[in-house]
Structures are given as C-alpha cells and as structure tokens.
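There are two complexes below, and they share chain A, which is joined by chain B in the first and by chain C in the second.
Up next, the complex of A and B:
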C-alpha cells in the first residue's frame, strides 16, 4: 500500500471520523427537529435526513453547504465496517463491541431500506363495506373508468410519473389514449383573466379555469391540489380537453362508441389480491370524559387464492400483518361507523428488531466485561 | 464505636418518624370530621377517586395551591382553609366561597380587562370576577378557536381564566343549583314547576358524579345528581340523594354531628357497592397518599441529607486545614447517607402507591416521569455511595432527587396527576418497557452531569486535590454514562418498536424520537472520545454536564416545540425554568475550563504552582 492510500485508509477507519459523523448527525437532528415547525415533519426529514446534502440557494446557484443525513449515515456505515476490519481482534474480550457494531450496521441498513422502499397507504371503509384496494395519498393517478356495465367498473390508471413526463399515453385494452397538456403536483385554480389565461379546457368542470402552479406542500396537515389538463383521443381524433384534479369531486363523464367513461385524478390505488370487510368498529371513552379509551376494527379477511376466510381484530398496538403489509388502526369517523387503517409496506421492518437485540446484548456483555475487570483492579478505598 | 455504626440508621429512622407524623390523619377541623368527608368516592375525569383528590386537584387547578389563608367573616380570625373545606363551601355555602380569593390572575392585560388594579395581591374572588364574566367569556370565545400553540399571552391567559371560572361554576352546580336551598328541597319538589329544567341543568353542568352505580348496572355507570333526580322523578329513588342532601344541609348549618352522620351514611351506601366497583376500595389508599404527600416529604428529607453532608465537608475542610482528627466527618457523612436512604424509602413508597392506585407502570405522564427520573438517579447515587464512600454519591443523589421532585411539584398545576391514558398510550407493556427504560436513561444522564459538577466545584474550592479522589469521580462519571447509554439506546429503540406496532413505522424523526436520539448520540460521542483518548478528565466532565443540557431539552424542550405525536402541551412558564437550567449548566462548563488558580490572589498562585508542579 502506498503512502496516500495508507493515509486514506487510516482516515476512513479513524475514531475521529466516527466522532465527527456523530456530531454532524446531532446537528442534523437538531436542525430537522426545529425545521419541522416550518416545513412539517415530512418536509424537514426530506431536506435534512433523507438527502445527500443540505442545499442552500446562493444567488442563482444551489450549493451543497452541509452533508445530509443519508451521506453521514453512509460514511458512518463505511467507517464502522472499515474500523472493525482494521482493528480485527477476534477475542472474547471484544465480543460485546463486535455485537454492538454489527447491530448498528443492521440498524443503519434498516433505515436505508425504509427510506428507499417503504410505501405508506390508507384504507378507509364503513361498517359492512368490503374493500380490495388501498390508497396511496402521496401519489396521484389519472383514472379512466369504463362504467358501462353497472355491476363492474373497468379501471385504467395513468401513473403520476407518466403524467409528469407528459406526451401522449395510450390506454392499453381500450381505443383511447391521453395527451397530457399540463400536469402540476400542486396548483391553484383561478377564474381566467388577462394575467391568468385559461388553461384551454373545453369539457367538464374546468372550462374557463386558469391554473397557477404552486410548490408542493410539505406539511402533513395539508394535501396537494394536483391538476392535470388532458386531451382524450380516440383513433387520433380529439374527444375534448378536461381538467382533472383531486379537488374536483363531481364525476366528469363522456361517451365513446356507446360506452360511458368517467375521468378523475385521485390518490393512487393499489389493488390487493384479497379483500377486507369492516364488520364492526368500536370506540370507547372513559366515563364522563372525552378521552378515548380504545378503538378497534373487527375485520373479515378473505383471500380467494388461498381460500382464507377469517376474522381479525385490529386495535391500538395490535396490527394485522399480512402479505408483506401491516394494517394499523389509525383513525375513524362518521359517528364511529367509518374506520381508517394505515397500511405500511416495508421490506426492512424486521431489521430494527434484530438490531435492538444485538446492540442490547452487545452492550450488556461489553459493560459486564469492563466492570468485572474494573472491580478486580479497584483498590479498596478508605471508608 | 457501635453508636457510630448505628448512626445512619438513627438518622434515617428519625426522618421516617417525622414523615409518619406528617402523614397522620388530621384532627377534626372546628369539630367537623373532614377525613370522613375526604374519603367519599366520586367519579371524575374517568376514574373513581376520593373527593379529597377532587378537592385538592380543583383548588390546585384554580388557585395553584392546595390550601390558602382566609379571614373567617364570622370570627374575624385568619386561618388556613384546606381543599376539602373549600370544596364544601363551594358546594354548600356559595355565599362564603364566592368571597374567597381563589382565582390567581397574573397577566396584567387580563387584570386590565376586568378593571382590577395591579397590586401585589394576585388572588381574586368569584364575587370580584362576577360582574366581568360576560366580557371574560366573550374574549375567551374569540381566543378559543385559535390553536393553543398560536395564542398570544393575553389569549392564553384569558382562555385559562375562563376555563377555571367554568370549573368553579360547574362545581357549584354539581350537587345543587347554586344558591338554591339544597338537594333535600330539590328532591322533595320533583313535581314543582321548573323542576325538570333544573334537573337537566344539574345533569349537564355536574363536574363530578357522586352516586355509585345502583345494583344491576355496570361498574362505570356512576350518576350525577341531575341524572339521579330525573330517575327519582320516574320512581327510581337513589338513597345517595338524601344522604348528600343531609350532608349539604348540615354543612350549611355548620352542625358537625349531623355532618359526620351524613358522611358515614354516604360512605355506607358506596361501601355496599365496593364488591363490584373495585375502585371504591382504593379510595382509602388514595386518601392516605394525598395526606402523606410522599414526594413533598421526600424532597424535604433530601434537602436535609444535603445540608448534613455539606456540614460534614465544611468540617472536613476545617479539620484538614488544622490537620486535626476527623470526628465530625465520621458522624455527619453516615448520617447524611442514612437520611438519603430514608428519602429513597419515602420516594419509593410514593411511587409504589401511584403504581397500585393507577394499576400502571411508574411513568404515565410528564409529572410522573419527573418523579421517576429523580428516583432512578437517587438509587444510582446511593449505589455509588456504597461502592465509593466519600459522600459524593450521597451529594449527587440528594441534589438530583430534590431537583427532580421540585420539577414534578411544579408540573402538578394541570390538576389530576393520575389522569387516564389516551388509547394510543394505553399499553402497560410498552409503558413499562420503553417509557421506563428511557426515563432511567435520563436519570443516568442527569446523575453523570451532577457528578461532573461536583468535580468542577471541587476543582475550585477543595483546599487540596488528591488524585485518588479525582480518579474516583472520573470512574463514577464513566460508569454512569455507560449505564445511561445502555438505557437511552434501549429505550429509544423500544420506542421505535412501539411506534412500529402502533403506527407502522419504526422511526419517523418525530421531535421526541429525535430528542432521545440526541442523548444516545451525545453519550456515544463522550464514550468514543474517552476511548480514543481525545478527551481527558476535564473534557469528559464538561461533556457530561452538557449531557444534562441535552437531556433536559429532549425531555421538556420537545414539548415546547409543539409539533409531533408526542407533545403534551405548551408550557410557557416552564420555558424560562428550562432556559435557566441550561444557562446554569453552561456556566458550570465554563467554570470547568477556568484554571484552579483563577480565584486565588496572584501572590499565592506562584507558590501553589510550584508545589503542584
């Protein structure tokens, strides 16, 4: 190994780097916490934690002025692994330290997996209702629904990614295609005026409306008002241009070749290969107060493929884990007849549990070793 | 010699005897058996409690104290009015209670609004407020829709005053319509015009439910007087109505004998239901707990321990200067340790009582976390004292125990400290694991900080520094930090696992989670800096003190930030206390880096430096 790479290796494995990373992480955590008042939880986490750098606008340039959480996490991970490899000392005296650090690696990996692959969704159903889809609030899709057959809806979705890309999107299995003229994650609707020219909508609820794009919201308490201006085409022939938005509640419909279609921009739905039926929702309060004592949903789970048909009680701290997803009791409404479940899919959900056990055991072993040694060395003090 | 070995025990026992005396049942007040009244079970805030708890919490909520001095208009003499007596007056002698100064108003704008002069007197009576109630209500209704965190000082203060006035008003209209002849007359005139309106008014205003569920109803089906009067009009007469009616009449007439009989009657009616309503049996325990105020007693004993210990050190330094024997040192230090153990015992009994009464793990809210942080720190300090002697363990244990109980004492202002748990927190398993471990972590951090402060002070005031003692302090800090890291880490990840179980995510960067993480990170930094040899004794000590700052911010600062799932509510008075604490810790850090000779006259510095070098 030459001198420079020797130096680099020493730097990567040094305890100084560990301490520096921990300190930078502390700064980020403080900044992230304070920023939540302004940016909302998710916004602050995206800016400080789930980013490689913290950026700042200096004049016309965006300059990275501070490492972000992801970068620090990665450096710390490399430092951790490298240092253990360099100071390789496979002795029982170090067993505790080894276990702790392996556990920490697992914890870090878990956070990266969560950041990259966790999907949050929602499932809302009223008592007696059967639902086989979940709704992902953070993404929208353009849904084209063929509702000709009253017993059955044929749903075709255009994803948010496709909308953002623009251009013409064919709808497979139908004669239709959609030309995306405008798409905004968040927008404001105005009556058109000389300053705000109309968006060119000629059908449906959005005729004469002007659209002013806005920055997406970051606070958890607000939702984006997304807008898509789309022209529906059939065989190269335009059927009209609509404004689709999750803010428009009334259905927008059109007819084509004897089939009736509706068009809507709504939170993305993911269909499940099984269904859930809300049999009963209960919500108790402590006597004479409005303090909630408990909420629970009694749910029937049916899976045609596997032939499963059973009842599940979902309540606080007692989720249903099924098919890689976890269903949690999140909220309720409509005079205790509507139950809202939070649905989380995280392939790494088990990693923190593993890590906890490893680090706890490791710390116990290590401190036990250190203090036994300390006790043996300790000189009896004056009493 | 034997007497000396017994000394800690004697000191401890004396403190415990003092505590027992303080906790003994009260003598009748002016002939009235208020103990019997205080025991009566009522349901309020979702749980059954002795009416003494209700009285204390209500007075605490309205006035901020559990008793007050008042000049009795009949005798003209000033005397202390306790919570039970105050409540009886509110319930049955409103004309007297309305003249008592129980509403504390600090905000000058609120005082201005109701045209009261700004004097040193901050306490006002209902009669003083009465002409301005409409305006108070109007202003409160303007402020109410604004989110509690966004309200300005005036808005917060006016809403607070209105809430307190509302509770007072409801209390007055719980057992009888305020100013009416009383419950006996009310029961007798069920058919009179306007009776059903009055019943409805009582049913909707009642602040507590005094009538235990009749046979055949569920254990939660306690009734208020209005509901029972309605049922009585329909033919189902609750025996409790007449008994409470007689209690009211006898108090209004100031007749101790029939007051005692009525209280016994109400108790007998409740006791008859005790076999199915378990909580009724617990009121005796809770009454004893209220009376004993174990955390207040603990605080007093810790202060005593601290004073005795300071005495021993003072004696020590004198002796050292005169190089005499160590007589006083041998007496005072063990006595301080004995006192500390007595304090621990009282503190532990109080915690245990709360756990039994609530049927919960020790930490359920911010108040109990303060009590528990102190308890953990004291226990750890007592252990250090056993291991190292020297008195440092006693000192830091007593100081942190006292400080945390003081903090707890100031957190009682929201009323019942044993309130019911919201559904999301209602899990004894997670409260017992996550919350308790993380709180023990706090104990460790504060204790390490306290030991480091002892080191700093010793650096500056001790007549001479022997390296052995420095080494002991240093290994104490290291041991306690390792302990704190373990519990903070475990508590933090257990919190993550609880969150994963409730909300489906392990880690959400929620402020409270971040606070816990900061403690873990800081602890890890200190320990790595020590292992790497980057920080020596002085550095470690300064960092340990800063650990207290981080811990206090994580514990309380997060609640002031007012975002996130975990927020308990905004507390502005606490903000200044927290800022003061942090500033004091920073001052100690500064002191740690001042050279020892800083205080000495320049002439002596040279000599000492030569000596030490």
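Up next, the complex of A and C:
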C-alpha cells in the first residue's frame, strides 16, 4: 500500500470521521426538525435525511452546500465496516463486538431499503363494504376505464411520471392514446374570463374553466389539487379534450366504437389479488370521557387464488401483515362506520428488528466474555 | 383479476363491485362536483386552504361552498357571500345566536364576543357561541367584509362535533384570501 492509499485508509477508518459524521447528523436532525414547520414531515425528511446533499439555489445555479443524510449514512456505513476490518481481530473473544457491528450495519442498510423502496398507501372502507385496492395519495394517475363489460372494468392507469413528461401516451391493448397538453401537480380553477389563456377543453366538466398552476403543497396537512388537460385520440383522430382533476368527482365519460369509457385523475390505485371486507369497526373510549381507548377493524380476508377466507382483527399496534403489506389501523369517520387503514409495503421492514436482536445479542455475548475473563482473573487472587 | 404493471400505463381487470367509499377514497379535501365556483357580487372570489381530511363542494343553492369536516356527529360548515353588508354585523350575529336558541345581544356585548383574526383577505370577526352545554349546539362563525361583499364562513352543529372541527376551521379562516384574477 503506497503512502496515499495508506492515508486514505486511515481517514476512512478514523474515529474522527465517525465523530464528524455524527456531528453532521446532529445538525441535520435539528435542521430537519425545524424545517417540518415549512415543509411537512415527509418533505423535510426527503430534503434533509433521504438526499445525498442539501441544495441551495444561488441565482441560476443550484449547488450542494451540505451533505444530506443519505451521504452521511453511507460514509458512516463505510467507516464502520472499514474500522471493524482494521481494528478488531477475528477471534471468538471479539464475537460480541463483531455481532454488534453487524447489527449496526443491518440497521444502516435497513434505512436505505426503507428510504428507497417503502410505499405508503391507504385503504378506506365502510362497514359491509368489500375493497380490493389501495391508493397511494402522494401520486396521481389518469385512469381510463373501459366499463363496457357488465361484470368487469378494464382500468388503464397513466402514471404521473408520464403525465408530467407530456406528449402522447398510447394505451396498450386499446385503440386509444392520450395526448397530455397540460399537467400541474397543484392548480387553482377559475371560471374562465376573456383575459385567461384558453385551456382548450371542449368536453366534460372543465369547459369554461381557467387553470392557474400553483406550487405543490409541502405541508402534511394539505393536499394538491392536480390537473391534467388531455386529448383522447383514436387512430390519430381526436375524440375531445378533457380537464381531469382529483377535484372533479363527477364521472366524465365518452363512447368509442360501442365501448363506454370514463376518465378521471385520481390518487394512484393498486389493485390487490385479494379482498378485504369491513365487518365491524369499533371505537372505544374511556368511560365518561371522549378519550380514545381503542380502535379496531374486524376484517374478512378473502383470497380466491389460495382459497383463504378468514377473519382478522386489526387494532392499534396490531396490523395485518399479508402478502408483503402491513395494514395498520389509522383513522375512522362517518359516525364510526368508516375505517381507514394505512398500508405500508416495505421490503426491509424486518431489518430493524434483526438489527436490534443482533446488537442485543452482541452486547450480551461481549458482556459474558468480559465477565468470564474477569472471573478467571479473580480466582487466583482469592486462592 | 389480472394486471399489467409495465411502464407508463398499468392495466387491471377488476370486478365492478369495487365502488369507493364516498368522501373517503377520493382525497377528502378535493371533493366537489364543479371546479369553478359561482362568482360573488363585485369583488374577487374568496379562497381558503383546506386542512387534511376536509372536503368541499362549490356552489349549491344560496351557498358559495359547503365544507365537510372529517368529524363524526351533526355538523355543517359553509361559506356564503351576500352583497353589501348583508344587514350589518349585529343583525347577523343575533341571527346565528337565534339559530342555536340564544337570546340577542346588544352592541356592547357584540364587541366583547368578537375576536378579530387577521387574514390576507382582511380582518375577520369571529364569534363562538354555545347553548345547552356539551350536549347542546354551537356555532363558530367568521364575518368578513371586503370588496363590496359580506362573506360568512360558519361552522355549526352539535357542540361536540363543532368542538372537534373547530381547530381546523380556524385554520381555514386564517387562510382566507381573495383571488384577484377574476
């Protein structure tokens, strides 16, 4: 190893690097906490903790001015592994320390997996209702639904990414395509006046409506009012231009070659290969007060593929874990007849538990080894 | 059910039974059949920001908008616009009091009951009246005089339901502003 490599190796394995990273993390945690007022919880976490750098706009340039949580976490991970390899001998005497370090590595990896792959969704159903889909509130999709079949709907969802990119999006398996003329993550609707630029909408509820783009909301307490102006094409011929928005509840429909279609902009929906029926929702309060004691949803789970048909009670801190998803009791409404479940899909959900077990085990092993060594030393002194 | 998750467009073939729970599955704050609200008399339209979970529908009968708080119980939230001063502040406050079975008050009591909230649309006079204790009725209402119109933003209903929605409702009042583009 030459001199430069030696220096780099010492820097990577340095305890000072560990301390510097922890100090930077403390700054990030404080900044992230304060930023939640302005950006909301998720926005602040994304800007400060799940980014490689914290960026600042300086005139026409956007420059990184501080390391983000992801970068600090990666450096800490490398530092931890390298320091372990350099300093700690591979022997049974150090088994506890090794286990603790492996546990910490698993913890870091778990956070990266969560940040990169976790999907949060929502499932809302009323008592007696059966639902086989969840919705992701932070994304929208343009849903084109062929409802001609009396028993089934063919649901085609154009992703928000495609809407934001614009252009023409063919709908596979159909003669239709969608030309995206405008897409705004957040917008305000006004009755169109002569000074407003024409939106070009000639069909549906958006005729005569002017659209004013707004900055997306950042607070957790508010939601975007998204808008898309789309022209539906068939064989290159326009069938009309619609304003689609999650602010428009009324169905917007059209016919083409004897098939009935509807069009809507809505939170992204993911359909499940099984269904959940809300049999009963219970909201208990402490006697004589309105203080909540317990919320629970008695749910019937049916999976036609596996033949599974069973009842599950979902209540606080006792989610239903099924098919890679966890269904948590999150909220309720409508005089306690509506239950809202938070649905979390996180391929790394077990990693923090594994990490905790490893760290605990490692500390216990290390303590036992040290204790045994101390006891052995003590025996000759006593004799 | 079959599905294709590839690329920009997903495809699912699903049974028709999956109707959404009204007011719950669509983003609650986005509810509303008509995107463009009716115009007020002279000035610009009043705007506000809905807290999470609230719904709204624009227009309908005499109303500029109906807001839907996500709380159980009997509760109604509305935005109404009338031209001019709509008969004056005292008359309207006594009308609200009458609606929940309270006797009228005079000008001096009106001043004591008033709470001023500063908004981008101008100062809003907010009143909060209850009758009949916890099981009774309550009204929380804001009056805004601006641009030649009188705007009433009102939350009324069972005392418990109004209490549950009051904090969010005050957020809405705090977010009032005029849209000058109209």
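One rule holds in what follows: the second predicted complex is superposed on the first by the 347 of 383 C-alpha atoms of A that agree within 3 Å, B and C clash if a C-alpha of one lies under 4 Å from a C-alpha of the other, contacts with A are read in each partner's own complex, and residues count from 1 in each chain.
Rule of thumb we're sticking to: contacts are C-beta pairs under 8 Å (C-beta built on N, C-alpha and C of every residue); 3 or more make two chains touch, one makes a residue touch a chain.
As the structure is a prediction and not an experimental result, all values here were calculated from the model.
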With both complexes superposed on chain A, which partner does A:67 reach: first (chain B), second (chain C), both or neither? neither
Determine, under the contact definition given at the top, whether A:362 touches first (chain B), second (chain C), both, or neither. neither
For A:162, using the defined touch cut-off, is the partner it touches chain B, chain C, both, or neither? Pick first, second, both or neither. second
Return first, second, both or neither, reflecting whether A:346 touches chain B, chain C, both chains, or no partner chain. first
Which partner chains sit in contact with A:19 here, chain B, chain C, both or neither? Use first/second/both/neither. first
Touching A:44, do we find chain B (first), chain C (second), both, or neither? first
Touching residues of chain B toward chain A in the complex: what are they? 43-47, 208-209, 220-222, 388-390, 419-420, 422-424, 426-427, 430, 468, 472, 475, 479, 482-483, 485-486, 489-490, 493-494, 496-498, 500-511, 514-515, 517-518, 521-522, 524-525, 528-529, 531-532, 534, 558, 561-564
Sites on chain C touched by chain A in the complex: 1, 3-4, 8-21, 23-27, 29-37, 39, 45, 47, 49-53, 70-73, 160, 171, 179, 181-182
Seen from chain A, its contact residues with chain B in the complex are 15-16, 18-19, 22-23, 25-26, 29-30, 32-34, 36-37, 41, 44-45, 49, 107, 110-111, 114, 118, 120, 285-289, 291-295, 316-319, 326, 328, 330, 342-344, 346, 349, 352-353, 355-356, 359-360, 363-364, 367, 370-371, 374, 381-383
Spell out the residues on chain A that touch chain C in their complex, using ranges where they run on. 124-126, 129-133, 135, 137, 141, 147, 150-159, 161-162, 169-173, 188-193, 196, 205-206, 208-209, 212, 220-223, 225, 243, 245-250, 266-267, 271, 273, 290, 331, 333-336, 338, 340
